[in-house]
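Sending over a structure as structure tokens; questions will come in a sec.
Every chain is named by a letter (A, B, C, D, E, F, G and H) in the order it is written, and numbering of its residues begins at 1.
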Amino acid sequence: MTEKKHNDIIVNHDHKRGDYTGIPECILGEPKDNYQLTQAIQQALKSRESVLVTRIQGSQISAIQDLVSKHGLPLTFDKYERTAVIGRQIEKINRSTSCALISAGTSDDYLIEEIGFCLNYFDVGYVKYSDIGVAGIHRHKSALNDIHNNDPVRCIIIVAGQEGALFPVIAAQTKLPVIAVPSSVGYGFGGKGITALQSALQSCSPGVTVVNIDNGFGAAAFVKKLINLFD
Amino acid sequence: MTEKKHNDIIVNHDHKRGDYTGIPECILGEPKDNYQLTQAIQQALKSRESVLVTRIQGSQISAIQDLVSKHGLPLTFDKYERTAVIGRQIEKINRSTSCALISAGTSDDYLIEEIGFCLNYFDVGYVKYSDIGVAGIHRHKSALNDIHNNDPVRCIIIVAGQEGALFPVIAAQTKLPVIAVPSSVGYGFGGKGITALQSALQSCSPGVTVVNIDNGFGAAAFVKKLINLFD
Amino acid sequence: MTEKKHNDIIVNHDHKRGDYTGIPECILGEPKDNYQLTQAIQQALKSRESVLVTRIQGSQISAIQDLVSKHGLPLTFDKYERTAVIGRQIEKINRSTSCALISAGTSDDYLIEEIGFCLNYFDVGYVKYSDIGVAGIHRHKSALNDIHNNDPVRCIIIVAGQEGALFPVIAAQTKLPVIAVPSSVGYGFGGKGITALQSALQSCSPGVTVVNIDNGFGAAAFVKKLINLFD
Amino acid sequence: MTEKKHNDIIVNHDHKRGDYTGIPECILGEPKDNYQLTQAIQQALKSRESVLVTRIQGSQISAIQDLVSKHGLPLTFDKYERTAVIGRQIEKINRSTSCALISAGTSDDYLIEEIGFCLNYFDVGYVKYSDIGVAGIHRHKSALNDIHNNDPVRCIIIVAGQEGALFPVIAAQTKLPVIAVPSSVGYGFGGKGITALQSALQSCSPGVTVVNIDNGFGAAAFVKKLINLFD
Amino acid sequence: MTEKKHNDIIVNHDHKRGDYTGIPECILGEPKDNYQLTQAIQQALKSRESVLVTRIQGSQISAIQDLVSKHGLPLTFDKYERTAVIGRQIEKINRSTSCALISAGTSDDYLIEEIGFCLNYFDVGYVKYSDIGVAGIHRHKSALNDIHNNDPVRCIIIVAGQEGALFPVIAAQTKLPVIAVPSSVGYGFGGKGITALQSALQSCSPGVTVVNIDNGFGAAAFVKKLINLFD
Amino acid sequence: MTEKKHNDIIVNHDHKRGDYTGIPECILGEPKDNYQLTQAIQQALKSRESVLVTRIQGSQISAIQDLVSKHGLPLTFDKYERTAVIGRQIEKINRSTSCALISAGTSDDYLIEEIGFCLNYFDVGYVKYSDIGVAGIHRHKSALNDIHNNDPVRCIIIVAGQEGALFPVIAAQTKLPVIAVPSSVGYGFGGKGITALQSALQSCSPGVTVVNIDNGFGAAAFVKKLINLFD
Amino acid sequence: MTEKKHNDIIVNHDHKRGDYTGIPECILGEPKDNYQLTQAIQQALKSRESVLVTRIQGSQISAIQDLVSKHGLPLTFDKYERTAVIGRQIEKINRSTSCALISAGTSDDYLIEEIGFCLNYFDVGYVKYSDIGVAGIHRHKSALNDIHNNDPVRCIIIVAGQEGALFPVIAAQTKLPVIAVPSSVGYGFGGKGITALQSALQSCSPGVTVVNIDNGFGAAAFVKKLINLFD
Amino acid sequence: MTEKKHNDIIVNHDHKRGDYTGIPECILGEPKDNYQLTQAIQQALKSRESVLVTRIQGSQISAIQDLVSKHGLPLTFDKYERTAVIGRQIEKINRSTSCALISAGTSDDYLIEEIGFCLNYFDVGYVKYSDIGVAGIHRHKSALNDIHNNDPVRCIIIVAGQEGALFPVIAAQTKLPVIAVPSSVGYGFGGKGITALQSALQSCSPGVTVVNIDNGFGAAAFVKKLINLFD
């Protein structure tokens, strides 16, 4: 959708959401046009220091860059420039590893980065293990040892596309709760993440819950709520 | 499937699963014929005091009753006789309420009972709030107050069918992690739980994960893993 | 589809439709090529002062602008330039608010604008409440008070995407008839409006009817017929 | 589901719903076991004279009959014994015909009767025109004349299965709002009401809204809210 | 797919198909790259004077134009340049009207033109009635009179998208066999022709058969076989 | 649905349909209860000698037998007792073979018999070739020779389930129009006739049209209209 | 379907299929009525000593037993009485183990038995490893060692339902070709084998092909053709 | 996705996969961005001479060309530039024809070329028969004769889109195992390969297994494992 002149749009930002849920209102970039997006960011910053924007695409990147230039605001993008924080500089939290992130393949790493970025924004640390899917099944053994010997790890987020076999395979080897994040990797019948989603739902290993395909932000928010229990 | 003479079936019970995952192997009743089911129960009891059987149906109930009569074993069914523990008497754990169970309607309570029964089998306590769906939206306020003032409650399991609106509505009002369990209540297009499942996946309130339609056992297993983190 | 030379296309405009249904024939832009579209507009204007065109896209905007320049016709676009009236200047009708428009999020407002524009074309007034979805559930209380104290409001149109929980939540708190309009906001399984559509169909609060995903025009036409009952 | 001993079920009946929405809480029979159903009926009657039960099936009929015998309560079933009112004798309201009910075929009449029964329970009158589908397209002319000359008719409910062509065909010939109710009549691909539902959503004649397949109660509730506007 | 150097592609054109089926092998343009397409055309012309190409798109148009320029071959496109005959000049056959073509809306006319073009290539005449859908239901009366008084009309092809109500409505008013061609016009749930397809399959008026969505060529081929019966 | 007392049902039989379409109104048994069915039969016989009932099931058979006993009416069932004619004795028409019926397997013959029975009711003759599917591909050669040497055969109806390969295979070897009837034979993904339906729609051999899964009556009605062209 | 008198059914058994394909025509029981089934068996036995019948259900078992009693024919059922050979006594072939059969769970063993039974009928030996799914992932190690040290094993058939993770997990650890057979075990979204089918199609480990859900016979036939290559 | 600066991506290439499965890890191009892709190629080449990349698209072609230029590596693309080998020059292996490749139409040849290219990379020879689908059913006879007289041919891979009838038709005429590869050729309902996939799964000729739509690489990998049995 091209930029339109609709200057009377009023964004009804929910400034109290952080108080109610522990997670302040974040902004879903994708369906908004640039005017709506920048208005939403500015509304959010009226009551808070920073705001998280997810699923940024196309010219939204430069619209955000223009906005922060104009107002002299700090800006951090994740590695794939799909997620951003305006108003705060995000850096990797190394001191604490409350959550382990596992991906089945390199192609799934856009989600690993989104999740890690969101977790850091939520002040949650993580450790990641990339490209250890079941096609090379021996690869996840050392990761699991590492996780199980890492005391502050409270849960495992697994990102997988295609057939999503990594979800039940990991869940069968850990006492930690597992959150499955289906990626949209895979083509043909059952592609675009649908089989991975179903595999999480049908997992023969119990103790797996799932968020929607590509919903890295949602997984991070759930883990934020879970980790908060320990504060 | 009628009973057949297939005396050489060998059930390969996974006696070590409890050690690996914190949850011993449980038995899915539904797809098994009575011979397979009673064999599976007996195999499990070789290394353990008790075993949980889920999704029991039809003549499986009396097959289990015959088995326990013959061997003098304790037996407990849940309220709807869909779930059973053989080898141990299950009673409601009142002293600890680690988990809150909420249902949208009375029709969803078969799942509330399955989940509570499994949680008790896993030595996890719970408190339940039944029939407080959004059609009478004022009804969940007191439940939420109750939950938020109940310190050992670590998470909320919500059971809802039809449009599943209770998932995002509750998630918007709590800092606790929310696990959605879609029930198969609802008819017509999007019925049998499919809309409720999708509503959990599409929830505009973040911090919701989901298990499959009618998978009460899976939700209980996840919560067991979560509650174990506090031991 | 690029412009073709097919000069013998004969549009069979239904000049009597307004008499039969109270709503004159309007033109669906999207599937027409520019030649078909401008022919259809000109045919319509043979018996009427003005014509409404919906779901305009791509080069259709400038085809319409060229046509009105050439013939010196008035033209009004809605805020997102997806809907237009040729032959009449449309302005917001403030004196009468026969219908309340509610959106769940800012991303849904392209439909709020389409519906309001169509209602104004049909001489129906409206009042709008934007971005008051259930993720910040406290936000819709004042809107409902406002609506219920606004006597001429005869019905509520709700626009929501994702899980569409706003449909049953509002319907549970009003005596007014509710018309649900699913927006195509949302990604992954159940995205593009399909869950919102299903949530309206599965609504546990009765008294909700629904039009197709993104069919803002259809909702406006239904309300036009409803409001006509009061004339 | 066979009757179980679960005497501690607590139905959380929403006694205030009528005040909020104009429609008291009604009971969906189908997914409840007989114990839940009779408990729900008794709960409802604590604050009200009568209660409506929809989608009754199997042994629920005799469970209701047993209940009313035991407590000496009035009982009325609709013609197909799918809907009942306990606590009040329902009779056809002839003096007022606020709504016209049209069915495409005799096979669709189970819904016509459910809708009419619910409307009468809501004190709304109706006039019905049965079996006038488009396969004998000349049949609906006299019905439309009748409806258009019948002043208090405020809207038309159309019930159709199979291809649902009656929805756009009637909507093209009336200024009244049309509510489509897809019936589950039809077999093969697109059967069980799914094509009829889609035809209502895709209707080329604007001014049609739709409820779910077989949701006669939902259509009646919407019309109740609409007719209330005239009180 | 961009043009590749794969000079050893051997097209296995079926030169005998006309003898077996009455319809010579035609070429489906869409899935072929330009090299495959022009090879296929040249192969066909080895045993025949002319060849029909359907579903041409993008740069295929100029690839065909280059080919005919180079070899001095006659070329005719249909009105929307989606169908072409190479090797013969196609003109509208007026003397014979063996088939009536009806479209529901102007947006469906791309298929009317494809079908008419193919019929003419097969030496079958036709008469067309455009934009007479059920939203303006009075519009098809004169067309039906015209068709029924036109002796050589042996069958009716109806093109409709959206809800496809025109299929059963016309079939209910004629003794002629009806072939339904769903167009891909329509958006939202059931859009892109799927509801129109289903409506033809679910038609309450018997005597309707259907081809796939947008398969104008297939409908023309069936009619060619039907008209051949009269030779 | 059990028999109910609803004595005021008025069937609106379309006595003029035969005049408009060449095919009198027939009755779809399946969705009707026995009272509706026998009322519909009696209504039809008010203006005609006989009536065809399709998709009869369960206790409908004896309801029909009771009706004809009581009124002394002739009755003929097809071989599988799914189709019946009340009021006329149907016998196989051997003198004329206007249509060839082919089935892929013995399991498909319930449809062959329904179609042949309906054709005979419509005074159309047929010749049948059973169980000649592509798994034994050599089997259909002699059938095709037979058909092509049988002058009055005007079209071929093919019944096939599973993958429906017989549709394109036969269509590739005949100049006759082919009508595909998918049977509901086949299990697993794409079973119950859905793949056969799709194969007809996707047929690489042109000149195939299709009716819905198991719609033998619809195929017969289309052929009746086609054969009428030769009278 | 109840037994009907249709004595003129002619089964067109393909007596030459064994010569063409290496696999004689077998009979699919399920969709046939008892008369068709026993006719088909008798036709087959006209040219062969024995015939295989698959997917037997309900009263078909006794119809077969009656037939063999009457004609004094040998009969063997598989363990679940879903598959039978008439005319030959089938015994387990132990001398040769050309194929390894693996099941994920006890619930999948109805397919293991069908496949083994068919293989034995085809004179192919097998060795089976039951209930070694990924929920107890350590269980398949010894099976794989056993298979890899068993020289005549040429391929692995894996039967799994639910999420089907065993397909890619085994394929990642073997040089043998893997044929996946999805079982219909699993409930909720993606249940009844659909996720297992998709997991095989989406397998991240290459070298997996798949047959339809529950198509044990098809897998056995493929392996028969594969093993024939070594004769 | 545009190129990003994410220099710390670590590809976890499975260098041992060839030892375990007989097929070294290959790289799926499509979902990777150019940085991930070239990193993955370089990782693979650390332990091996060459690596296969499949489903290359867009700017990935030049990213690969840049990489090989920079490092002076051999590069071979298949005919449609969708598949590549880096590190080795692939040439057609003529001396050995272990596998026959058949396509239904010229449009399917992109898969024939991918499969042949992969087979050659795996040191497996093949012979191809292009464009011999059932619309010209006489065309495959000579191919089958050729294959059956060609001793080292161990199996047949068939590529077909649309209705996929070639799968059962060929399988009915050969003793060789058949692997079906559905192509994404075909439009409308059941298009993009879905009907072809289902036809393979529903094949009435037994002995057919299938890989996912467009998964030429998967078919080649399976055949590699099968051919290895003969070494």
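One rule holds for everything that comes next: a residue touches a chain if its C-beta (ideal position, glycine included) is under 8 Å from a C-beta of that chain, and two chains touch if they have at least 3 such contacts.
This one's a predicted model, so the numbers in the text were calculated from it and none came from an experiment.
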Report task. Would you kindly count the fewest steps from subunit A to subunit F, each step being a jump to a chain that touches the current one? Result -> 2
Report summary line: Chains adjacent to subunit E and to subunit H under the stated definition are F
**Report entry** From the options E-F, A-G or E-H, the pair that copies B-G, where over half of the contact pairs coincide
**Finding:** E-H
Query - Distance between the centres, which are taken as Cα means, of subunit G and subunit F, whole angstrom - result: 34
Query raised in the report: So how far apart, in whole Å, are subunit B and subunit F when each is placed at the average of its C-alpha atoms?
Result: 49
Report summary line: In whole angstrom, the CA-centroid distance of subunit E from subunit G equals 45
Query raised in the report: Can you give the whole-Å distance between the Cα centres of subunit G and subunit H?
Result: 28
Report summary line: Listed in rising order, subunit C residues that touch 2 or more other chains are 17, 105, 135-136, 172-173, 188-191, 194, 197, 201-203, 205-206, 212, 215
Query - Chains that touch, pairwise - result: A-B, A-C, A-G, A-H, B-C, B-D, B-G, C-D, C-E, D-E, D-F, E-F, E-H, F-G, F-H, G-H
Report summary line: Contacts from subunit G onto subunit H in the complex sit at residues 17, 20-23, 26, 154-155, 171-179, 197, 201-203, 205-212, 215, 217-219, 221-222, 224-226, 228-230
Query - Contact footprint of subunit H on subunit F as seen in their complex - result: 104-105, 133-137, 162-165, 167-169, 172-173, 186, 188-191, 194-205
Query raised in the report: Along subunit H, where are the residues that touch subunit E in the complex?
Result: 79-81, 105-107, 109-110, 113, 130-132, 135-136, 138-139, 161, 185, 187-191
Query - Footprint of subunit H on subunit E - complex, ascending - result: 1-2, 4, 6, 9-14, 16-17, 25, 28, 30-33, 36, 39-40, 55, 184, 193-194, 197, 212-215
